[in-house]
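Several structures are given next for inspection.
In the two complexes that follow, chain A is the common piece, with chain B as its partner first and chain C second.
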Partner chain A sequence: MVTEAKVKAVEGYEKTLERWLGNVTKEDVKKVLEMVGKIDKLPYPRLVKLYLDLCSYCGACAEECHIYKTYPKKEFNPAYRTSLLRSVYLRHFTLIGKTFRGLIGAKELDEKMLQEWFIRFYQCTMCRRCGVFCPFGVDNMALVRTGRVFISAALGKTTLDMGRGVDSHLSLGNASFMKEAVFKHTVKFWEEEIKEKKGWEVKVPIDKIGAEMYLIPPNTDFFHSLETMEGITAMFHAAKADWTMSSKIFDVVNYGVFYDDDVWEKIINMHIEEAKRLKCKILVVGECGHALKSLMMLGPSLLGAFPFKVKSVLEVTADYIKQGKIKLNKEANPEPVTYHDPCNAARMCGIIEEPRIILKVVCKDFREMVPNRDRNYCCGGGGGVVLETASHDYRVEVAGKMKVDQIKQTGAKIVATICANCKVELDHLITYHKLDVRWAGVHDLVLNALML
Partner chain B sequence: MAKILLGGMEIEVDEDGFIQEPERWNKEVAEDLAKIEMAYPMSDDHWKVVNYLRNYYLEFEIAPPIRMLTKQTGFDLKYIYQLFPRGPAVGACKVAGLPKPTGCV
Partner chain C sequence: MITVLSYLVIIFGYIALFVFIFGLTYRILGWARLPTGFYWGLYPRPTKWTFSSVIWKIFALPTLFTTDKQLWIAAIFFHIVLFMSVALHFELLGVHFGPEATIDPIGACAGIIALIAVVYYIQRRLGITRSKEISALATHFWLWLLLVQVGIGTYLRAFDVVAPEVYSAFAISVLTFKPTLPPPDLWFLFHAFIGEMYLFYIVFGKPVHSIGQFFSQYILAKPERR
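Let's turn to the complex of A and B:
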């Protein structure tokens, strides 16, 4: 049901997005059109053109979109969203669109259309669920990202906190204005925590050249989910792993994934260069969704093979379990636990069974939520939407509503996940909807269950 | 950037209401920010959270990990949400006069 609160939440965020884009001039429109004209210069032009060509407006995607299902208005239909890009491309860059624009829905890019682009592309959480169900295989997420890329490349515009995060990243090497001294102080704190909780003397290796694994977590975990760092550290300790972190590049997030190719490349190069400097064999991505997409999928496809492997920390831990390298006691987590599949981890990178292998041996009562795996629903904070304070009401009332219902149905007391974005969104959902549940990283639960 | 009246002074705030002139923060400014954040009147527990955040910020120029905050104050996250309904990052940090934390918080 579309309640008054939902209407207010959506309208509020739409107004904010409009304000962030600011006044749009004819000159701005021209600049964006020039970018659309350079579609062949995109890193994946054939795919984008194929997706622009294929949609038949059958509506299958709308039925699968968590936002549209919660709030069925035309503008939230994924096919409508991407038709904004399609109609402009047809009108300006195809012969048929230039000639018979009325017949094929071709539309001019003007100031109003550009505003609508910004709003619709940034309302999408880029979860890619609609793409799984499209009979033609159209990946609407790729088109939404392309629209964001055009605007960012032409006008340098994105949403407020995403832009701030990137400014911080390009100057300090992390998205949260964190300096090396803070990093080292935080490491010391979580080492002490492990000592208190487990009685183990553990040191996090820093800048160890030639270590087998170089771990980069999302630095959100330092602020928001330090237990995850404690769990990963303790797990490496128990498995006697040869690993390191870096005192310079300790943040794996890369917001360029969400909106800008140049930003993405600058940030991923920080990760690649540091992995080379440390001469690691495996770059291990901490509990982070979009960073997996950056380093596992986009990186090797667009920049060529790396001289090291990339793994999710979930794969590492699941392997240790299979090899019997770590001992776990599931009695340590007696409460019912469910698992939220982050879209970028599950649908994009296939990290699906690893967290389940782990949860089934660290929890007494593991329950699936439905649907799950690559058919999961987005938490409501994907695509960088959760980064914005101003998007809170939109996320808790609309984008995350289906996730709330899913969690309730499991009866679980803990919802575990492996993405920093999802953890923040789950925190907001649980608080706002007063659920008798808490969120946790998978490695938070590993920490409880680990034995030497 | 807008200016608003806090503790009897005109202070510049960003669009989410975080003060931009941290050196002008004082008890009265905090109390006016607490009114905006639905955390007024401020109890001893409110002050315990705010003072911890403030001191950490003065030393490290950033907000502390939530785990440090809950450990040093002895309050769990649920209770911090009771004190500051918009949570540790948006609610408590704002009242303590910190700049807005960035990146998935």
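Let's turn to the complex of A and C:
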């Protein structure tokens, strides 16, 4: 049901998005159009062209989008969202569009349309669930991202906090304005926490050249989910792993994934260069979804093979379990636990069974939510939407509503996940909807269950 | 009227065939020449490249089955009979699949099923908000025209209006660039003319999905490289 709260939440965020884009001039429109004309020059032009050409407006995708299902208005229809790009492409760059115009749905790009682009493209959580179900394999998310890329490349505009995060990343090497000293201090703090909780003397190796694994977590874990860091550290300790972190590049997030190819490339190059400097064999991505996509999928396909492997920390832990390298005690996590599949980890990178292998041995009562795995619903914070403080009401009322219902249905007391952005969103959902549930990283639960 | 239509069918026929052949080639090359770039697969997916997984996705539409069973049924039936009708149209080139007495009823039945499917498509676009709110005028237009086209075709089959030898002689005369006048039946001429319009539509409209899908599904089902 579309309640008044939902209407207000949506209107509020739409106004904010409009403000962020600011005044749009004819000159701006021209610049963006120039970008649209250069579709062939994108790093991934074939799929964009196909998705522009193939949609039949059957509406199947709308049935599968958590946002449209919660709030069925035209503007939230995935195919409407992408028709904004399609119609402009038709109108300005194809003969039939120039000839038949509105009759075939071709539309001019003007100031109003550009505003609509910004709002609609930044409302999508880029979860790709609709892409799973389109009968023609049209992946609306690719077009949403492309739309964001056009706006960013032409006008340098994106949403507020995402832009700030990127400014920080390009100047300091992490998205949270964190200095090296603060990082080192944080490491000390979680080492002490492990000592307190487990009684183990553990040192996090920093800048160790030639270590087998170089761990880069999302920086957000340092202040929002420190237990995840404790869990990973303790797990490496228990498995006697040869690993290191870096004092310079300790943030794996890469917001360029969400909206800008140049930004993406600059940031991923930081990760690659540091991994080379440390001469690691495996770059291990902490509990983070979009970073996995960046380093596992996008990186190698655009920049060529890396001289090291990329793994998710979930794969590492699941391997340790299979090899019997770590001992775990289920009794340490007696409460019912469910698992939220982050879209980027599951649909994009296939990290689907690993967290389940782990959860089944670290918790007494593991329950699936429905649907799950590659068909799971987005938490409501994907695509960088959760980075914005201003999107809170939109996320908790609309984008994350289906997740709330899913969690409730399991009856679980803990919802575990492996993505820093999902954790923030889950936190907001739980608080706002007063759920009797806690969120946790998978490695938070590993920490509890670990034995030496 | 018949004379005007006859000449129109011949002249427009040449244009339509030209656009169909070169337009379609142009569109296919348009996709094929571009790099895929990003590794853009969706899980779950095969560990090695299997043609069958893509074929399954294209011809059985498993995800549409999950999402919208009605549309799935309509689409499956519509395309099966569409395929049959297209095959039967090879009679135009003198390819016969059997005696007229068996072929005509089969063709007419296919036509009736197609009619039902198209009526469903139309009512769906008008009745289901999530499809209606995003459909352009042209989409409706082509669907209604399809209804007319299939209707006439079914009538021509069912009542054996023009003998196969006659229309095949006409078609071959056009294709060998020695065009003769088409059979002077108004319904036949309409059917031929609308059919020629559809050749444009296949290239520039929705039915280009029949080819584009092989590219798009391949991108999604590309085997993992990890």
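Criterion: the second predicted complex is superposed on the first by the 452 of 452 C-alpha atoms of A that agree within 3 Å, B and C clash if a C-alpha of one lies under 4 Å from a C-alpha of the other, contacts with A are read in each partner's own complex, and residues count from 1 in each chain.
What we mean here is this: a contact is a pair of C-beta atoms (placed from the backbone, for glycine too) under 8 Å apart; a residue touches a chain by one contact, two chains touch by 3 or more.
Here the structure is a predicted model, which is why all the values come from computation and not from measurement.
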Joint occupancy of chain A by chain B and chain C, clash or fit: fit
First (chain B), second (chain C), both or neither touched by A:403: neither
Residue contacts on chain A - larger count, chain B or chain C: C
Chain B versus chain C as contact partner of A:189, first or second or both or neither: first
Which of chain B and chain C A:178 touches, first, second, both or neither: first
Touching partner for A:157 - first (chain B), second (chain C), both, neither: neither
First (chain B), second (chain C), both or neither touched by A:301: second
Touching partner for A:135 - first (chain B), second (chain C), both, neither: second
Touching partner for A:53 - first (chain B), second (chain C), both, neither: second
Overlay on chain A, chain C to chain B nearest C-alpha distance, Å: 25
List of chain A residues in touch with chain C within their complex: 40, 42-47, 49-51, 53-54, 56-60, 62-64, 68, 72, 74, 77, 79-80, 83, 96, 100, 102-105, 128, 131-139, 142, 296-298, 300-302, 346-350, 352, 373-374
Of all residues in chain C, those that touch chain A in their complex: 27, 30-31, 34-45, 57, 61, 63-64, 66-68, 71, 75, 128-131, 133-139, 141, 204, 206, 208-209, 212-213, 215-217, 219-220, 224-226
Complex contact set, residues of chain A against chain B: 160-161, 164-165, 168, 174-179, 181-182, 185-186, 189-190, 193, 218-220, 222-224, 226-227, 253, 386-387, 389-390, 420-421, 423-424, 427-428, 431
Sites on chain B touched by chain A in the complex: 15-16, 60-68, 71, 77, 81, 87, 89-90, 100-105
